[in-house]
Amino acid sequence: MGSNDELVLSDNPDHPANLIPSLCAKFWTLGWVTGTGGGASIRDEELVYIAPSGVQKELMKPSDLYVLSLPQTLEKHKQATATQGDGPIRPASRVYLRSPPTFKPSQCTPLFLSAFTRKGAKCCIHTHSPYAVLVTLILEQQGQGFDKEFRINNIEQIKGFAKGYPHKEVGNLGYHDTLRIPVIENTAHEEDLTEFMEEAMEKYPDAYAVLVRRHGVYVWGNSVEHAKTQCESLDYLFHLAVEMKKLGVPWVSDIEPTLPRNSLKA
Amino acid sequence: MGSNDELVLSDNPDHPANLIPSLCAKFWTLGWVTGTGGGASIRDEELVYIAPSGVQKELMKPSDLYVLSLPQTLEKHKQATATQGDGPIRPASRVYLRSPPTFKPSQCTPLFLSAFTRKGAKCCIHTHSPYAVLVTLILEQQGQGFDKEFRINNIEQIKGFAKGYPHKEVGNLGYHDTLRIPVIENTAHEEDLTEFMEEAMEKYPDAYAVLVRRHGVYVWGNSVEHAKTQCESLDYLFHLAVEMKKLGVPWVSDIEPTLPRNSLKA
Amino acid sequence: MGSNDELVLSDNPDHPANLIPSLCAKFWTLGWVTGTGGGASIRDEELVYIAPSGVQKELMKPSDLYVLSLPQTLEKHKQATATQGDGPIRPASRVYLRSPPTFKPSQCTPLFLSAFTRKGAKCCIHTHSPYAVLVTLILEQQGQGFDKEFRINNIEQIKGFAKGYPHKEVGNLGYHDTLRIPVIENTAHEEDLTEFMEEAMEKYPDAYAVLVRRHGVYVWGNSVEHAKTQCESLDYLFHLAVEMKKLGVPWVSDIEPTLPRNSLKA
Amino acid sequence: MGSNDELVLSDNPDHPANLIPSLCAKFWTLGWVTGTGGGASIRDEELVYIAPSGVQKELMKPSDLYVLSLPQTLEKHKQATATQGDGPIRPASRVYLRSPPTFKPSQCTPLFLSAFTRKGAKCCIHTHSPYAVLVTLILEQQGQGFDKEFRINNIEQIKGFAKGYPHKEVGNLGYHDTLRIPVIENTAHEEDLTEFMEEAMEKYPDAYAVLVRRHGVYVWGNSVEHAKTQCESLDYLFHLAVEMKKLGVPWVSDIEPTLPRNSLKA
């Protein structure tokens, strides 16, 4: 190990340096991060912990992690972008406080940083879930005009999603509400996704996830738990959506609310 | 922890406060309760143990549980409803003996309580199993008149179901019998499902499960084991039913019984 | 525990009383024995160990097992059937050496005993694998004359099967050989399957497995390992067969052998 | 145990004799090596560790392994083949340094040795993954001229593959690049695959994998990690490809690169 290794050494299982490996091992068993694909990052105040590039996600150790200084706090970022324009956080502004000896930084780094600086997220998860990829392929098949947004409604699990962002302040979606996840086109270099993800963040200020066509999904939240459970709920919906497609059931339907009898009588 | 914490502290792995977390962790790996969906509740005499709302089911701890006093025993309930009508148990009648510090009560609470007070159940499980949801979508697709009941016969696993309720007294369904599970429409608020579930319980006095369209399934039993194994058998059948649909095999068929030779000769 | 409990107490993980629970727990995770369905039995010389009826397979303990005295050894059985006809071993002839306090004997018992006495098997496994059931449903759909036998060829995994029974003496099937598994119709009572399974054993003297329509599969072998690995290979082929059906690929094909160049030149 | 048992005894979990069992146990849970199918081999300098034939892959122990002396180093092999022709390494040239007491050598042995001597690989994995088999069946269905190569492009996971072999020197494929995996026909005897695999290695000097029709896949790499993560990425793509086929999405598409705005403006 090298300098600042104390940043990734903790007996607390909830410390970011321990959480990222345990989460990624769990995600590996779900098929989300096989073949070193995908990744996860946690922000703890001004510190950002990131899984490295090319690591076997089910075998990752705390000592494999990068630790960065958050480029700018959310408030500072807002001030900065007001005068400097809305370009993505540039790699140049990254300060690595701790680097693992044998890995390279993840290409997801600027995307994770966007979630932290633009949305004030505490955790951002990126999966290559086959269901996420298949959903973007099904949308692509439907052609222009229908392929830029995944929409589903009238499924109970939708209630697991916040109505907007940050989720604690606005409450959750209702059963009849339509969940909308923007879909962006993939780019040859993952870092180049950043500006398109940020564009989607602006167009969908409530969003806590972006699908990347033929690639996977980015999910963030204002706590590790929120990001992780949203990621699970999304994958559940993507799985359901692929099966619905096979069975000929549309993702969006017009269903009249079932009211309790008391309401009906009233 | 707070007052009455002794209600959830036990070294016995079969204590309800230990069983609910271990069952839910198992259900999480089966994809039944991902993204904090679903839940489980156990009744031990007059005490009711319930998983809280919004908890990560594979990480739940005994200290996360609510403990309620059963609103009224089954007998008292019957007397009460004879004079007061058959409305659902109202939240007002709930007495929380122990609450976890950081969670909110589950919206499933009145549905679990219905299973305990109306059916004398000891355990009630609620899953968001994708197969359960897909079965309700396939039924919906078949249109009015066919969508209010899931029916399947001539599958061996059907013998895992009791002929009626409570199951110890009536024996199990036969191979050629048709398993019938009522399907109720989902409501915007989970608590509002209560009266529709109770209506289904009355219409199907033998039922130990109710499918909720586009939502999942509620399964109860007069022991933890009974509820859990019925829930497994149902999910097995739902899985089979979805695959049968894809392969064009009808769920209900007319098959002549195969008799043993001795019977044939006789 | 009760009398003869020493029959199920051993520190050896390969003792039948330990192997059956560990195998069944593994099978549960594969979805073969959910909801208390399916079962397993091991014969050790004159002793037969059998999982009880209605047990949760992933939670089974050695103390849950029945131990029987083998009704008759294979040789004695052959002598006996030569004079007495080929009827199934009757339950009357079973001698229980050890019974668990809270369970009932498995309805699979006479089927397991048939595998031991007729085929000299050491282990017999019964699963409700959804893939096994789906294969029997697909065959049923193809109609009379095609539905009494599962046939597949030109899949490498077929080489995992013995050419006949007992497998050590005859070698394995070749890649181009056709694996044939008889399919019998299900009966209302599992015990009544016995004579039909025995009939299939006679018609297919090489068989080490029988599919039961709309029910599952029985697999036996002359060692625990043989029965277990055949069961795995069969389930692999059933899975493949279901997917092949969905993709329109026939199970049996006529493929010209690929010879190595040396052979071609020769 | 017997002579040279020290070759398979080590406390280091990364020792080949410990890695092969732990990898194979992991592969078993993925359904790649069920029913004793498939296998794995690691080369450590001049020593080759190979899983035996017919072993239960999730239960394998270090003492079950064969250890061979590498027939010839890559350099010597190249010199030798320059004068002796390009035939496969003959079994005669194998020197077993250590044999397990109860197993037979794997029929995969000459194929693993080819990967080590021809390609200088450090690890070679062979799976019977159902997705790999299904992909070869789908290709076969498309008929002559399309069935000798699996091709897929415009899927992010493709970036997990090296552009050529050995991978460290040439970098990885880009998102828009087409991954090509040669498909060879299966032979009755696994050893006879060797020359066809070597032929594919010559035709595709960049390849690190060969699909075997109706059989599975061989994957190699210049480290254990590389072979294992490529194998995972391939299985991910095979899974996706099977689902794409069901949904009518072509494996190869013509997608215009999405350029970052900066590039567009430039």
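Letters A, B, C and D mark the chains in the order given here, with residues in each chain numbered from 1 onward.
In this text, contacts are C-beta pairs under 8 Å (C-beta built on N, C-alpha and C of every residue); 3 or more make two chains touch, one makes a residue touch a chain.
Remember, it's a predicted structure, so these values are computed and weren't measured experimentally.
Can you check whether chain A and chain B touch via the same residue numbers (shared by over half) or via different ones?
Mostly different residues: under half of the interface numbers shared.
With chain centres defined as mean CA positions, report which chain is farthest from chain C.
Most distant chain from chain C: A.
Nearest 5 degrees, what's the C-alpha rotation angle taking chain C to chain D?
90
Roughly how far is chain B from chain C, centre to centre by C-alpha average, rounded to an integer in Å?
Those two chain centres are 33 Å apart.
Mind checking the centre-to-centre distance between chain A and chain C? Centres are C-alpha means, answer in whole Å.
Each chain reduced to its C-alpha mean, chain A and chain C end up 46 Å apart.
Enumerate the residues of chain A that touch no fewer than two other chains.
Touching at least two other chains: 246.
Chain B touches which residues of chain A in the complex?
154-157, 160, 174-176, 225, 228-230, 232-236, 239-240, 243-244, 246-249, 255, 257-261
Help me check something: in the complex, which residues belonging to chain D touch chain C?
Residues in contact with chain C: 31, 34-37, 56, 128, 130, 133-134, 137-138, 140-141, 185-188, 190, 192, 195-196, 212, 214-216, 242, 245-246.
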